[in-house]
Structure formats: structure tokens, C-alpha cells
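My structure is below; once you've seen it, I'll send some questions.
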Amino acid sequence: MNITLEQAEKAIAAAKQKAVAVDTKMNIVVDDAGANLVAFARMEDARLGSLDIAIKKAKTARFFDMNTGIIGELSQSGGSLYNIEHANNGLINFPGGVSIRNSNDEIIGAIGVSGSSVENDHAVASAGAETI
Amino acid sequence: MNITLEQAEKAIAAAKQKAVAVDTKMNIVVDDAGANLVAFARMEDARLGSLDIAIKKAKTARFFDMNTGIIGELSQSGGSLYNIEHANNGLINFPGGVSIRNSNDEIIGAIGVSGSSVENDHAVASAGAETI
Amino acid sequence: MNITLEQAEKAIAAAKQKAVAVDTKMNIVVDDAGANLVAFARMEDARLGSLDIAIKKAKTARFFDMNTGIIGELSQSGGSLYNIEHANNGLINFPGGVSIRNSNDEIIGAIGVSGSSVENDHAVASAGAETI
Amino acid sequence: MNITLEQAEKAIAAAKQKAVAVDTKMNIVVDDAGANLVAFARMEDARLGSLDIAIKKAKTARFFDMNTGIIGELSQSGGSLYNIEHANNGLINFPGGVSIRNSNDEIIGAIGVSGSSVENDHAVASAGAETI
């Protein structure tokens, strides 16, 4: 099972709505089950440097099938996955990357959001993922 | 002047419509005036390898403010720009990248399309650019 | 709004003057609003390894629209942006990168300075930014 | 012997003057004898994609101590240096890169120019190199 473009665009629309609700400007990425880009939107005046971070968050969430914040906890200094960021041409392990599941709870993709605090990034990504 | 997300999504919608009309499945990228990604859509079953090509076509069209096919003519073996592709971390110089202009004929971004023949790629990119 | 070459050269001249005043030899980079290089100067005997650092400081300051030292505080071990340096082909998050604003307080570019202590780097970058 | 920053800025000023005279907008790079950047200027509205090309032209001219156009002739299909562009993280072998020599005819650096036709690029680079 793989996310469709229609589903990805629905996730981006929901994430944009949440971003407006919390008064932020976000870069929003949706990857498919193969960790390849399906859809993207950068809101006006969203930080340029957050574009690549959003792309890497979606990739990281799908590569490990967990929220990026969880990998972040495991990769702190002294942690079991310390410095995992050097693999896969660069990972981002702070919150804002979330798996997307279908109604059978199968993973069909991932969403990555960047542009504000990590708490806001995660909230906006979750809003996008939960609409599927 | 810079393209807005709303304009970018309008260009992608027009390009998708044209892609369906010519019975193809495309990767469609819209960059802003700074050659940074604004919006992206990959249609179901569009070739995975065309994703990076579409991204590079949009970048190339904005970096040189001309259709990518024109640069391709100048960079053939023996041409004045032979091997220009080695600059800018990789360019794509065959058709499918087109400048996007506003009503004052100012360049506000670029569109890159990949997934079918170069003729179809260019036709779909042009449909997207002309809707702005 | 985007910085002009004339403004960028004025910022570099002011930064050079400050660098001489504090007896240092600096690499000085000015980027535009699109995070692309506008002007650069390397003073005689400035450290060669600081060239790339100055380029990355300017990029980082514009990508996140804040002083690079602030991102550095957020990206320490255990911080919310830990390991953000792996995005965007490498960021530099210690002091020496500063936003450049016009008289309307709009960001029109960024300056990155490297070659001495981070305190001196920041002082020289600020001298360049404030002259605009 | 190595080019000074003052000499590099003099070369850029002469190149800018020539660029205006031939009605073009250029990216102008000066490297030292170590092939490291000394000074750079991008004129307003110069092509973004020419920035990296100008950097690579200066590097190529110093790496091989000849005009980039000459290397271009040797690296055509069937030529003795065919595909040399793949070395050194990317070279540019069409005209616009020129060695800079001091009054003793010693090579002290190189200038790379990009933004117009290869004929104009070479003319502007030569104007910069000859002022030293």
C-alpha cells in the first residue's frame, strides 16, 4: 500500500490549516512508502533553511518508521544511536517527522514539517498525518 | 517579485491537467525566483528517476532564465557551453524546464517537468507556466 | 527587497575596517535574500579553512534569519535543534553570521565572517551589517 | 608570489567596467595562487547559475595555468583530455577563465567570469587579468 497524490495533497492542506491556526509559516513534505517525495508546499516567508530540514524529517520518519523526535532521544551523546545522523546522506532527528498510516494501520508514507519550534513542527505534521 | 504558493499550486494543477490530456504521468516542480522549491507533485506511477530530473530542470531554467532545451542546444559536443552540466551540482539541459513570468513579463520562478518524452515534458511545463 | 552589490561592498569595507581595528585577518561573505553569494573578500593571511566557514555562516544566518550564535545555543547536545548542522549541506552555528536589514527593518541578506575568535568574528560581522 | 586582496579588488573593478562597456551582467571571481577564493562580485541581475560557473572557471584556469577555452578544445569528444571535467569536483572548460600574472610574468592567481556569451566572458576576464 502506498499513499496517493490525492491523499498527500489532503495531508498538506490539513497541515497548512494547522500551521495557520498556530500562526506559523511552514515547509511541508509528504513522502511515499519508498521514502520518495510525493508532494511539497512552502508557505510564503517560511524559512529557506527549513526546506531541506522538512525533506530530511520525512525521509527519517519513513526510514525508521517512527517519529523523528524518538530517534532524537536515542541519538543524544551517550545514546545507543549517537551520531546516526551521518548515515543516509544526512538525517534530522528532532520532532516534526511523522509516519502516515492508512485505515488498516499500515504505513503508507511520512510527513515532514519545519519552520517553527519543534513542538509546532510536530503538531503541524501530526495534523497532516491524522487526516489520512 | 516572487511567485506565491497559490500561484505555484495553480501552475501544478494546470500542468497535471495537461499531463492527463496527453496521457502521461509526470513529476512537476515549481521553484521561486531564488531557485528554491515552492511546490511539487508526483502523479501516481510517474517514474521515480524523473523526480530528480524535474527538480534539476526547474533549477536550470531559473539559473539561466531560459528554457532548458535552449541550453541543451548550446551544450552539445563542440558547442560553446559543452559540459556546463558539471556546474551547480548538476544541471539538466533537455526540454521540460520553463521560466514563469508575471503579467509584467518579470521572471518570478520556473517550472520543471519530467516523466515522458522531452516533447511532452516541455508541453506540460509550458501549460503550467502559461496559466500564471 | 534584495541587497545591491554596492551595499554589499559597503558592508565588506566596514567589516574590513573593524577587522583591522581589532587586529585580525578575516574572510568576509555577503549573501543576498536568496542566500546566494553577492560579494566576498579574504584579507591577506586570513586562515584558508575559514573561507568555507564564512560562506556557511552567511548561508546559515539567512536560512534561519537569526544570528548564527543563537542557533548554536539551540543545537547543543540535548537542545531542541541538536545536529541541525547535517541539513542544507552543512551549517555553521557558532557566532559570526548576522542578518542584514534595510531601513524598513526588512531582511535583504546576511553577512558571514570567520578568521579569529567567535567574539571577534561576530563583532566584525555586526560592523558590516550595521553600516547598511 | 601571491595576489593581494588589493590587486584582486582592482581586477574586479576593471572587469566590472568592461562588463558595463559590453552591456552585460557578470559574476566575477578572483582566486589566489593556491586556487582559493580571494574576492568576488555578482552584478545586479547577473544569472544565478553563472555564480558556480565563474568559481569553477577561476579554479580551472589556475589548476592548469591556461585559459579555460584551451582546455575546452582538448576535452572535446575524441580529444586527449575528453571528460576531464569529472576531476577536481567539477571543472568548467569553456572560455572565461584566465591566469593572472605579475610584472615578472609569474602566475599569482586567476580570474573567472560568467554571465554572457563565452566571448564576452573571456573579454571581461581578460580585462580584469590585464589590469594587474
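To keep things simple, chains are lettered A, B, C and D as they appear, and every chain counts its residues starting from 1.
We adopt the following convention: contacts are C-beta pairs under 8 Å (C-beta built on N, C-alpha and C of every residue); 3 or more make two chains touch, one makes a residue touch a chain.
Keep in mind that what you see is a predicted model, and the values were worked out from it rather than measured.
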*asked:* Farthest chain from chain D, going by the mean of C-alpha atoms per chain?
replied: A
_Whole-Å separation of chain centres (CA-atom averages), chain B against chain C_ = 32
*What is the distance, in whole Å, between the centres of chain C and chain D, each centre taken as the mean of its C-alpha atoms?*
25
*Where the centres are mean C-alpha positions, what is the separation of chain A from chain D, in Å?*
42
*So what's the Cα centroid distance for chain A and chain C, whole Å?*
29
*Can you list the residues of chain D that touch 2 or more other chains?*
48
*If every chain is a node and every touching pair an edge, decide which shape results: line, ring, star, complete or other.*
other
*Of all residues in chain B, which touch chain D in the complex?*
34-35, 59-60, 62-65, 77-78, 80-84, 86-89, 91
_Using the touch definition from the top, list the residues of chain D that touch chain B in their complex._
47-50, 52-53, 56, 72, 75-77, 85-86, 90-94, 117-118
*Please give the residue numbers of chain B that touch chain C in the complex, ascending.*
33-36
*asked:* Looking at the complex, which residues from chain D come into contact with chain C?
replied: 4-5, 9, 34, 36-44, 48, 51
